[in-house]
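Okay, structure first, notes after.
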């Protein structure tokens, strides 16, 4: 496995995400809006799932847009309705109730989530900035991101590192991560779980086993601990052995470029 | 069976201002857009909207200032971006928003479908949705284990408005075998108190009898059925036509600038019926481009 | 309308039942086992529904065996599975959950029920005779008969008059009629409703508006008040103006014999 | 996707004596009869059965003395009459029966499908089912209105056993467009903790991809999939074959007399596999008579 010296940050994020996926996982991919948000919510997750299928997790399946196990070898050329309706898939769940039941019954292993606000304990806000009833900026609501953090075993947060995104405390808890840290998640009645990793364009974080604070694990080759910390609204824990994020191999990069996304449908911006 | 076939105008006339409306479809797919336009053409307002993911129809209502309250899981326009009218409505305090997660909101529709007063869920524990909505999110204990959960009121509304594929005049609505089921239309139909369905095409009852397993809304649930071809335009109707990207992009350009008026003038006020709307919004060539049949 | 002087008791019961049905009604028909039980649970109800369609209730529909609005002009010649699967119908509900939701949402106007034990207040027992935990005779359970009495607006009881059937108090309440009479049904938390009529082979009963006791309304031409009372395990109220059950008309009898059940599929025994 | 295709023998081997089993189908239609016979062939016993309407499979288990407890809405054999073995089991105190109405039992399966600990219903108010089963029927108040309802435990079981139509080797199970949906199979599948499905026919995955809307059990819910043609015999499998009335009448004659032994000998003990069962129970001519394809 030769590591590639020539890769984009999106490609690095795809590879980092793929490495978090295990054989047999069922993965929930969310709804992206346009541009960067689409790449974060759909593009990188789908590419990562496919990459994992091609490398170490052949039996992994995704759920996307009510398609269960769409054939990732036949990703449609466009994503308008008709291409979704006719994308070859093992199952079109009969309505969203089936998907919701699968969530609350705990059938999903991994979800991908991203948000304009994330706090120290991995709580997410996609609902409103400022006061909820008189918001400075109304956001998109909740979708299933609340349910991911309530029910999915290993949610992955994918987002770009920015000071206004990584805040000390989210203005509104859309998705409960580790709440106020420690045992507070369980004390609030939530099931075991909570986000497992935060994959950004500059670094990868986990959550400390006891305090449940966000903890810097690896920094991408192109960045540094100082830069990472300067882009955050709170000081994360720094792992005793922070390392450089493992670079994609040449094989992984070739798979992404030639096999998975040759038409640049997934990694759009 | 009794014919329930009515005109779009008559269907909209059934709905008084101030009603609560469950609106089906999802974001930019298969919502009853023509019916919502007709409500606005008739200058109705003061609505409460219940949706699963809300989208274009809620944004139209918000643009016209016709919606006071929204209960849903999402408000936006998918790849076309933010729901600007809705967003302004909330930020300016004109729309009372009640957020629910997908599991939570679906459970509310299922409770309504089952005639139960409330749904039980543990999806909202610890969230801002529970903290900021004590009116609708109440603690309840599992009587077997003592475990804490939430009770949510059933998603009851005065009217449920759906757009579908084909139906007979009695209101038996069928889906095609290849369809997109990423919505709650079948559950919303079951949960409806007064159900109005617009469809792409009315077919003879004898056609319905051939494939009764494709009937997802049986006639006994339906109060009025309306034939409205391209009734979801500019949204998609899976299996019939794709979303009209050019129209949606034009819409978003205007809405971003706060210009609902010019859009409403062209597409809601001036057209006196659905045929005139289609003539204003589409050329025959464009209609054929969008069609996927 | 000339009344017929030549009719069977089954035909009289069909006509009496049809007269209880209104235009626009949605009617729940249950599952019959073989022989007389089938005639009571399915045969008479379906014939009555069709007769009502042909006379005064053209828009009436039935639900049977998960078929919603099967075409009663095309009643299959046999009732094995294949004939049920292919019976032309407006809707095959997607699974029983839909039917149950229709019940508990109160979408049914009329149901037909019959039972081996019925008491003074219209409670039914189809579960067990004797002590529930050590029954003298275990019966079939509950089916949706419980739900009919909980949710349907005007349940009709169809059964033959027998002393062992009409008992002072049922051994087990499968379906709550008027419980202990008076307001006891509402006090137990049930929705408004309760059985509307009891149609038997000898007489027709209603329930008294206040006491909710079973009340004899009409006696069939072939019977008498004395005979009726002698066949009951309790003394019912007797209406001040008990009359003779209106006989079928010749037109109704012709419809039943020539149009509705010419092949004797419904009124089998 | 991983192949989950196993033999009938291996599927039955997964299930230990004493397990709780949710059994699908309905009375005399599309139940996993071959799998139940194989369990008895392997001399398994001590089962708890959860069903919607129970029928032939429960009566077989009862005949073999292999069932200790039943939770269901009905036990009988439709036009073939009483479930004699089950009935004797209850009357002689060998089977602990828990009765539920259809609305109540379906709500329990739906709660299990949703991963909720309990279901809410007002179907059992005032009934003997509530009075005699305080373990499973508990009062609960609507926190909004104070109204009294019941909570029932979710219908959780160790294994869910269903018979279906076609599937691929991964366990994507599809129904035909014309089918009989008078059961809870789709809900039971969703509610399953360990799901074993027998089907009439295994088809290539490429066939499944053509009509994904007909997949009612997706592969991710399935632990084992088994090809068993005529796997519901002597019951019907809608769209495939009718119930075998002669076999059922012979069964009932024996059961009425309490003679389970002779039947079990012929059809459970002696046949060493499903092919031998079919040879014992059917002639080719009879098989063709029953077939409705």
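By written order: A, B, C and D. Residues from 1 in each chain.
Rule of thumb we're sticking to: contacts are C-beta pairs under 8 Å (C-beta built on N, C-alpha and C of every residue); 3 or more make two chains touch, one makes a residue touch a chain.
All values derive from a computational prediction rather than experimental measurement.
S.K.: Spell out the chains that contact subunit A while also contacting subunit C.
M.R.: Per touch definition, common to subunit A and subunit C: B, D.
S.K.: Tell me which of A-B and A-D has more C-beta pairs in contact.
M.R.: Pair with more contacting C-beta pairs, A-B versus A-D: A-B.
S.K.: How many angstrom lie between the centres of subunit B and subunit D, each centre taken as the mean Cα position?
M.R.: That pair's centroid distance is 38 Å.
S.K.: Return the distance between the CA-based centres of subunit C and subunit D, expressed in whole Å.
M.R.: Roughly 29 Å separates the two chain centres.
S.K.: Could you work out how far the Cα centre of subunit A sits from that of subunit D, in whole Å?
M.R.: Roughly 40 Å separates the two chain centres.
S.K.: Would you please write down the residue numbers of subunit A that are in contact with two or more other chains?
M.R.: 92-94, 100, 104, 151
S.K.: Quick check on subunit B: which residues sit in contact with 2+ other chains?
M.R.: 107, 110, 114, 116, 121-122, 147, 149, 178-179, 181, 186, 213 - these are the residues of subunit B that touch more than one other chain.
S.K.: Draw the chains as points, connect those that touch, then say whether the picture is a line, ring, star, complete or other.
M.R.: Topology of touching chains reads as other, fitting no named class.
S.K.: Going by the touch definition at the top, which pairs of chains touch each other?
M.R.: Those chain pairs satisfying the definition are A-B, A-D, B-C, B-D, C-D.
S.K.: What does subunit B use to touch subunit A in their complex?
M.R.: 27-29, 52-53, 72-82, 86-87, 90-91, 93, 97, 99-104, 106-107, 110, 121-129, 131-132, 147-149, 178-187, 236, 238-239, 242-243, 245, 292
S.K.: Please name which positions on subunit C make contact with subunit B in the complex.
M.R.: Contacts found on subunit C: 24, 26, 59, 61, 67-69, 71, 88-94, 98, 100-102, 104-107, 151.
S.K.: Within the complex, which stretch of subunit D touches subunit A?
M.R.: Listed in rising order, the residues are 1-2, 113-116, 168, 170, 172, 186, 190-191, 205, 208-209, 212-213, 215-216, 218-221.
S.K.: So in the complex, the part of subunit A that touches subunit B is made up of which residues?
M.R.: Touch residues, subunit A against subunit B: 31-34, 38, 65-66, 79-82, 84-86, 92-97, 99-100, 103-104, 125, 127-128, 132-138, 140-147, 150-151, 172-176, 179, 185, 188-191.
S.K.: Where on subunit B is subunit D touching in the complex?
M.R.: 107, 110, 114, 116-118, 120-122, 138-140, 142-145, 147, 149, 151, 153, 177-179, 181, 211, 213-214
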